[in-house]
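Below are structures written as structure tokens.
One chain, subunit A, links the two complexes that follow: it is found with subunit B in the first and with subunit C in the second.
What follows is the complex of A and B.
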């Protein structure tokens, strides 16, 4: 019994990480219609940047968080103006997708130049283990669930309850009439990129003590991507729930196999795609002219 | 209040407007008629800052030829685009709320109760459907929403692009009554319309635009009986 609880907590916390990546991807898909293949590298950068700030520059936690957030937002803006903005009027819709692929390689190589190709170690953000009878839970996992939940709910509230979020939704849905009403869509798009980069970056920070910090952290994006597809492409709630599901499936699959747990995850993805191609929460918004 | 002189507009190498002079006076309805591709929509887009353009566009004494769309909306020119373009995933009320953006800013105080009352009394159907997602509205309701959304932006002049497009005759009639009602409260309107007869019947002044140039202009009454206009745009009366 204790083991199942442990697996559930680990699964949910990894699911939160995937959800933060997936959410960022979905927000960008909705805002600019582009699948960002460099989201995993923004995630990886989150791990490296926080490592640099907290270990190499030995900043206290609060200062590290503030500086890191500013850096993530700058990353988001820089990313938008270099990878998306110059190509936005391209007549070939795959152009920007390819440019994000290129960006993912560039970011990876920059990280290698700065931090080298040997993985580095990030100390745990919160040390210690919670012991409940036979159950042993590292606080780090609980911390991830808490912060992840906070950020995901926060992002929902931002888009659903705040006026600025609604304006961003409007700009995402129809740029032309948003401009006519006086919305500066450069600003709303940039804000979306900043939020997306921050979600990925904080995700990278949260996960870095559990794994080594290396350029291969970028591959976490694949799980987030799987979660997004299972949830239903383009739906934020679906992406979050799908990612949590992926995390839990992955965690429980270690009961049978640890070597092939990734294979199990993607097998589930394939089965979902066959049985329900639109995903669990996918809805077809009928466009009325 | 809106004065346009020698306006040229370009889409890449194509010159869509070749020197246009148009004037909209206080409280009047001005309509632009002309065939497809004549440049009617380009003219409205140029006024709201969505094309590459040269010439003079003077609005309340300010030359807005180089202004950005956001600045133009803020100064009180609100353009209701062809094909309505409501925000499909937002409710009616949210659509209207977003319409306030040019004067309230991202975080500004939204003192919009009076505007909501005004728009809902103008279009009671929108009040009935205020929590419905706007993609689920009928064409006529979407057009009302698009106009209502522009009214939320405290316009000083409304630009309407093909308000009757794709609507049933009865709905068009109702919509045009509303347009006249809005105008009667002092709102100047510049309207582009395919349905020339209908448009002339409510307008004060009209321009016929052809191949990017003004071909004929005059009061709506004059144009209604102009031989050339009748032959080209109105059709013979039976």
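What follows is the complex of A and C.
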């Protein structure tokens, strides 16, 4: 029993991490219609930046968070103006996808040049292990669930309740009409990129104490993608739930197999695609002519 | 009735004849052994990249699946020639068949998705196949790989040196390129282009979109499987580390650099990207960084690749000298290479 609880908590916390990546991707898909293959590298950058600030510059937690958030936002804006902006008028969607692939290589290499290719260790927020009977859980897992939940709910509130969120949604739904209404779509797109980069960056910070900080953190993106596709086409809520599901499935699959852990996750994805190609929350809307 | 020979065809024929002579006779005699091995690798990748020409250039679908089918073909070939000891040609055909069969089953599922979601599902496929290649030790040899695979041997003639391998690879590469060029003019090729340009319009014209896409997917997989088989017989060795997602993105970039819709362009792209690490040696650890930046700039300044640039110049030159002047009706499509 204890083991199942432990697996569930680990699964949920990893799911939260995937959800943060998936949400960032979905926000970008909705706002600019671009599948960002560099999201995993933004995630990795989050781990490295927080490592640099908290370990190398030994900042206190609060200062580190503020500076890191500013850096993430700048990074998001820079990313938008280098990868998306020059290509926005391109008629061929493949060009932007390839460009994000190029960007992912660039970010990975920059990280390698600055921090070297040897993985580094990031200390957890609070060290220690929670023991409840037979259950042993590192506090970091609980932190991930807590902070992840906070961020996800926060993003929902931002988009649903706040004026700026509605403006961003309007711009995402119809750029042309939004501009007619006087909404600056440059600013809204930039904000979306900032939020997306921050979500990924904080995710990287949260997960880095559990794994080592290395360039291979970028591969987390694939699980986020899987969660997003399971959830539904461009649906934020679906992406979060799908990612949580992916996390739990991955965690429980270790009961049967450890070597094929990744394969199980993607197999589930493909099964979902067969049964319900539009994902759990996607509506079947045919393409507009 | 006597058929008038077009000057364009004449020029094209002459140029390709010279190019063929250079490729077959001059290149092997002036290059070092090391250079030949690098070139051999480039041709193997080229065959796989031709699959991307079919998928992306003709069908407009971004697919990363090439590497999975390359792996399937490679392991099929390795097993056939190691465990059953079949001749090279049978092992190559076997690799093509196995990867086509796999593509038919996998494609039937994945092609229910469209656009971005199809792209992502191929990424998932690459992850699954990589994990299977690494862990299914009985068939793939796991991370240690499989060695001692026989070299190319046709009708008792064995290719031993890189030069001789080069001849085999070049011939296969040219045949594949001709196949893709021909494919463009067939019913399937035209249907595929119409699906790329406008799916709904294609449907109205009576094109079975799903089946057309599936056919393209299977053809691309066949080319990738053949590339895998070539790789196995060329290197005499295969390991799971060759079939990573990174390699797959390199294929797409190779195709895009050259100009995705044209086999010649793709060839230029493949050779350039394979040679890049050799040329940029002084940059050392910055090579990958420069490469990534290059890809980003490439997409901004010449999304149609080198071939697109080249045809653009040719068009301008022709307009200047009034050769083959045609009256254009409507807007000329920039997508056609």
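The working rule: the second predicted complex is superposed on the first by the 283 of 289 C-alpha atoms of A that agree within 3 Å, B and C clash if a C-alpha of one lies under 4 Å from a C-alpha of the other, contacts with A are read in each partner's own complex, and residues count from 1 in each chain.
The rule is simple: a contact is a pair of C-beta atoms (placed from the backbone, for glycine too) under 8 Å apart; a residue touches a chain by one contact, two chains touch by 3 or more.
Computed from a predicted structure; not experimentally measured.
By the touch criterion stated above, A:176 is placed in contact with subunit B alone, subunit C being left untouched. Of the two partner chains, subunit C is the only one touched by A:229; subunit B is not. Contacts of A:101 after superposition on the shared chain: subunit C is touched, whereas subunit B is not. Contacts of A:267 after superposition: subunit C is touched, whereas subunit B is not reached. Once the two complexes are laid over each other on the shared chain, residue contacts for A:164 go to subunit B alone; subunit C is not touched.
Applying the stated contact rule after C-alpha superposition, one finds that A:77 touches neither subunit B nor subunit C. Judged by the number of subunit A residues each one touches, C leads among subunit B and subunit C. When the two complexes are laid over each other on chain A, subunit A has residues 287, 289 in contact with both subunit B and subunit C.
Subunit A contributes residues 29, 35, 82-83, 86-87, 90, 92-99, 101-106, 108-110, 112-113, 222, 225-226, 228-229, 233, 259-260, 262-263, 266-267, 269-270, 273-274, 277, 287, 289 to its touches with subunit C in the complex. Across the complex, subunit B meets subunit A through its residues 48, 50, 68-70, 72-74, 78-81, 83, 85-90, 94-95, 97-99, 101-102, 104, 106-107, 110, 135-137, 139, 142, 146, 149-150, 153, 166. Put simply, subunit C touches subunit A in their complex at residues 56, 60, 62, 109-110, 112-117, 119-121, 123-125, 127-128, 131-132, 135, 199-200, 249, 252-253, 256, 260, 285-286, 288-289, 291-296, 298-300, 303, 335. The touching residues of subunit A, when paired with subunit B in their complex, are 163-164, 166-167, 169-170, 173-174, 176-184, 187, 285-289.
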